[in-house]
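Heads up: the structure comes next, in structure tokens.
We call the chains A, B and C, going by the order they appear; numbering starts again at 1 in every chain.
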Amino acid sequence: MGRFLERLLQLIPVLLGVSLIVFLMLALTPGDPVEIMIGDQNMTAEQEALLRSDLGLDRPLPERFLNFLGNAVQGDFGTSYFHRRPVSEVISERLPATIELSLVAMLIALATAIPLGVAAAIHKNTIIDRIATVGSLFGVSLPGFWFGILLLMLFAVHLRLLPVSGRIGFESEVPSVTGFLLIDTLLQGRFSAFLDALKHILLPAITLGLPMTAILTRVTRTAMLEVMRQDYVAFAEAKGISRRRILFRHALKNALIPTVSVAAIETGSLLGGNMIVETVFGWPGLGRLVVESIFVRNYPLVQAAVLLYAVTYVLMNFVADILYTVLNPRVKL
Amino acid sequence: MGNFKNLLFASALAVILPLQAVDASEIRVGFTADALTLDPANHRNRETETIIRNLYDGILTRDADMKIVPEIAESFTQTSPTTFEFVIRKGIKFHDGSDLTAEDVKFTLDRLTVEGAMGDGQTSPRKSLLGPLKSTAVEGNKVIVTLSEPWPILPAMLPVQEVVSKAFVEKVGTAGLATQVNGNGPFKLTEWRKGDSIIMERFDGYYGGATDIPPVGKACVDRVIFKVIPETASRVAALLSGDVDIINELPPFSIAQVKSNPNTEVMTVNGTRSFFIALNNKGKVFGDIKVRQAVAYALDKKLIIDRILGGNAVSIDGILSPAAFGASKLPAHDYDPQKAKALLAEAGYPDGIDVVIDTEGAYKDTVQAIASVLAKSGIRAKVEVSESAILKAKWDPKDENPKGDMYFTSWGNGSLDPYDIFLPTHRSGDRGNSAHYANPELDKLLDQASSELDTAKRAGLYNKAEAIINADLPYVYLWVPQDIYGVSKRVKGWKPSADSRINLHDACVE
Amino acid sequence: MSAVSDPATASPAASLFRRNLATFAENRLAVASAAILLGFVVMAVFAPWIAPQDPNETDLFRRLQPPAWMPGGEWAYLLGCDALGRDIFSRIIYGARISIFIGTVVVAVATVIGILAGLAAGYLRGWVDTLISRLIDILLGFPYLIFAIGLMAMMGPGLVNIILALVYKEWVIPARVVRGETLAVRELEYVEAARALGASRFHIMIREIMPNVLSAVLVVATIRMADVIILEASLSFLGLGVQPPTASWGSMVADGRAFILEAWWVSTFPGLAILTLVLVINVASQGLRDAFDPRFHE
């Protein structure tokens, strides 16, 4: 328990540092951010003054940082001058789509990588192993934006099997409960709407999860080989326990420990990949919103989103660390 | 082999993917962007306007020929150079069933024009669209609008202002109006799936719309959906596969494909945005009229319109669109590289000039094509792509010592009235005069035209003004592009509109 | 930590290097990849001599011209033309310059910074270590692409800005490796001996410790090249990369997206180029790692 508290305390400086960097990204931007943000919007002098005092540009940096931090903790990231609504509101509307996409991508990655990695390790140097190794090599080398375009062309445009854009068809009006369409449709027992949502999420999730799938396959395979070499496996084998039982009861359990912690670290690729995948597939999530916001210089929104992504990532790493400790009997809590 | 694999995939997926049934009374629009807000007074965004216009009606509107006609107003008259009177139609209902009155119209105009009227000290970003509107007053079912100076184009600016319900806005506030709709248009809001789609259904209490634009009555279809598909190729694919019925911004290179598809067709309409290249008239090089003329002769406009815009643009030789009020036939500067070179030599540049041409990312293809054409006459233009805000600062008309050379840019003219485009881009120091052009004679003509109430005289003044700029060439005038739409053949009764609105009131499906 | 054998004598290290090189040479796939990689480098360096056309020369009459083997194609324009009639093959050749240049510069600069920071943190310990380790922890808190996008959004596009945005984050990776290795090495006998002989801290770090952590960090550097190239391509794809008309593979894919229904070749070939380059770097660096870093042996 002491270690847990210690790790929890270590989070504080990291989160502070992350916030400081996000703050500096905007604060140290060359040029007058207000000038740039106003752009072609028609603003009166009063509105411009309001924006200036909103951003507190006239005050010293440390004070501005403290304000930024204080507001951020309360979920206040200023106003999205493009939408003319609070940034937090605009972001939270788009968040469920992004979370759902990321979770499904992760699910696909785990569901592909673990069986494939295990099979490759058990059947080392066979064709299965080769497929897994070469496949994961391609997986880390494919640029996601290009792979997404190819999938879209093949399945949505040429074969017309899957929709080209969006999250769900129009036949399926789904009253929001959790915001996750896959869950909401099931909760309401509407199977065809569920399938419709699934059809929409399939290609983006595969594209997004690809690098993670590749890396996890590799990690699982290596970990599994490592465990299979351990003494206790040989010992169990000598005791006459069936090989199958040894592999799946004992070896797999231990081999999954590194897989799980690498999975958490690799959420970084999901979070970053969001922006690209959502742009390619017209997915109505936060990633696309951020990319659109960059080009209209909607700085407060970009800043808030970067902070949100980073904090999520820090927390994911923390959870991975704790999980690792809990799962691994060799590391004392 | 490839076919077999496709087949395998197809059959595997077909099991889990049932075909979609198409609802007979629904129109889906594949649209480039989501609405930023649903509050008619709180944006300056064309796409947002297009979506909102199906939920709300305006005091006035335009017919297919861009003529201004009454909509929520029953009629209107100009009672003096500075006052207009609008008679508000009776029997119009908001979506919640309440009656629309002259008070709502006054409230709408005040909300747009009074400082701080949006609440929390906010002023509507559309305020400047209503220029010198000073005050409004209600007399029975009439709304009297008073201007601080003569402004003949007030009616032309009103079709882009939608009427809101006073009671509803007071209830939900400006924050609430961003996402909730109690409109008076032919459709009411069903659901806004942000970033994905806006779903609307027919409003059965609709008063019928402008009497000058038949058919008058309720909307034809049960539901309309604006589906946000920002990716160009995806939007076209969605049309071709029948997922959507209308798409906007069909790229010129996809026209052939949409035409060859048996279920879809292409519709075009002349737009209202004029494109031109601002030349830095205060600069050393372009301060010389010979150099400006050289650019005009060096630019093979026809080639670019044909090759890059797929022929979907009208060439212009002055600032005005041929469809605009006061436009006239002007002498053209036809492509003539020899003449361009000679003019450059006369100006003291026998070896040509090296300049920079600025543009936004969206037009980089076009501008690169322009640069490669200009190079043939010795005008070596380096293309620099920047963001609009940065370019606006670099080409700020108030800048005493502008640094730019050439700037590929444009100016929208939704009202098709010269007041809205000629003045800002050509009057000395005005807000869109990126060329830093200053001609007192032209300023005088433009100011005279702004307050001239006699239509024929006004047109004559603009004719004269256009002749001046055609000779002086502060800008190189390029073209007015057409808006291109891809439309499913099952859609009947809908035509694209020059102001780029997509009004679905009259549209039916088979 | 078996890499550290007997540091007092130099010749065993040299023979180890030769042995490792021999191991690498036996890995045919890795050698083939290294050869292709070399081909890319040659292509980038000698682009003006290899490219059949000027990569920025537009020709509106060749707009979206198909590849040579398709109807309407020409052999002088092997892979067809883009929307401005520019030769895609020549642009891919020139695009290799951007990818390889950015990949190399970012990783090289980051590695130098990383080595210095890692040595300082691992050897000097104390507040230096605390400071550097904290900074590393904080930067690791950002998903890589998000960090780069965030910075590019604020700084604006451009070659120098991409390099800066990536280096700011990239140095953390070698720094962590070097710090770990340094911590392991610093207590070893020969370092103690050098300390006892009165060598300066700087001398010990650079002369005694650095050579022993170098192989690990160089293996990491080659692997990182692949990632950095994909990151650059991703930024360019989003329009946050180098400025047009400079050819970059990522922006070429992005430019072709709108034409994918009519002219698939505009996006497809540059994407294929990215895939190939990244793939051969990955395979070659894996071979290098297998040969040079015994810890990764199975």
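Criterion: a contact is a pair of C-beta atoms (placed from the backbone, for glycine too) under 8 Å apart; a residue touches a chain by one contact, two chains touch by 3 or more.
Bear in mind the structure is a predicted one, so any value in this text is a computation, not a measurement.
Undergrad: Name the graph shape formed by the protein chains and their touching pairs; answer line, ring, star, complete or other.
TA: Graph shape here is complete: every pair of chains touches.
Undergrad: Which chain's centre, taken as the mean of its Cα atoms, is farthest from the centre of chain C?
TA: That would be chain B.
Undergrad: For the interfaces A-C and B-C, which has the higher count of C-beta pairs in contact?
TA: Spelling it out, more C-beta pairs touch across A-C than across the other pair.
Undergrad: What is the identifier of the chain with the smallest separation between its Cα mean and the overall Cα mean?
TA: Chain A is the most central one.
Undergrad: Once you find the CA centre of chain A and the CA centre of chain B, what distance in Å lies between them?
TA: Computed from C-alpha means, the inter-chain centre distance equals 38 Å.
Undergrad: Counting in whole Å, what is the centre-to-centre distance of chain A and chain C, each centre being its mean C-alpha position?
TA: Result: the chain centres lie 24 Å from each other.
Undergrad: Taking each chain's centre as the mean position of its Cα atoms, how many Å separate chain B from chain C?
TA: 46
Undergrad: Going by the contact rule already set, what residues in chain A reach two or more other chains?
TA: Within chain A, residues 157, 279-280, 295 contact more than one other chain.
Undergrad: Residues touching two or more other chains, restricted to chain C: which are they?
TA: Residues 239, 257, 260-261.
Undergrad: Find every residue in chain B that makes contact with two or more other chains and list them.
TA: Counting only residues that touch two or more other chains, chain B contributes 231, 233, 237, 361, 387, 390.
Undergrad: Spell out the residues on chain B that touch chain C in their complex, using ranges where they run on.
TA: Listed in rising order, the residues of chain B that touch chain C are 231-233, 236-237, 251, 253-254, 256-257, 303-304, 307-308, 361, 364-365, 368-369, 372, 383-385, 387, 390.
Undergrad: Which residues of chain C touch chain A in their complex?
TA: The contact residues of chain C facing chain A are 134-135, 137-147, 149-151, 153-155, 226, 230, 233-234, 237-240, 250, 253-254, 257, 260-261, 264, 267-268, 271, 274-275, 278-279, 282-283, 286, 298.
Undergrad: Chain A touches which residues of chain B in the complex?
TA: Of all residues in chain B, those touching chain A are 6, 9-10, 13-14, 16-18, 20-21, 23, 26, 28, 34, 36-37, 39, 42-44, 115, 121-123, 125-128, 175, 178, 190-191, 193-197, 199, 223, 225, 227-231, 233-235, 237-238, 241, 243, 361, 387-390, 392-393.
Undergrad: Chain C touches which residues of chain A in the complex?
TA: 10, 13-15, 17-18, 20-22, 25-26, 28-30, 137-138, 140-146, 149-150, 153, 157, 222, 225, 267-269, 271-273, 275-276, 279-280, 290-291, 294-295, 299, 302-303, 306, 309-311, 313-314, 317
Undergrad: Quick check: in the complex, which residue numbers of chain A touch chain B?
TA: Residues 35-44, 46-47, 50, 82-85, 93-94, 97, 152, 155-157, 159-171, 173, 192, 195-196, 198-199, 279-280, 282, 284-285, 288-289, 292, 295, 297.
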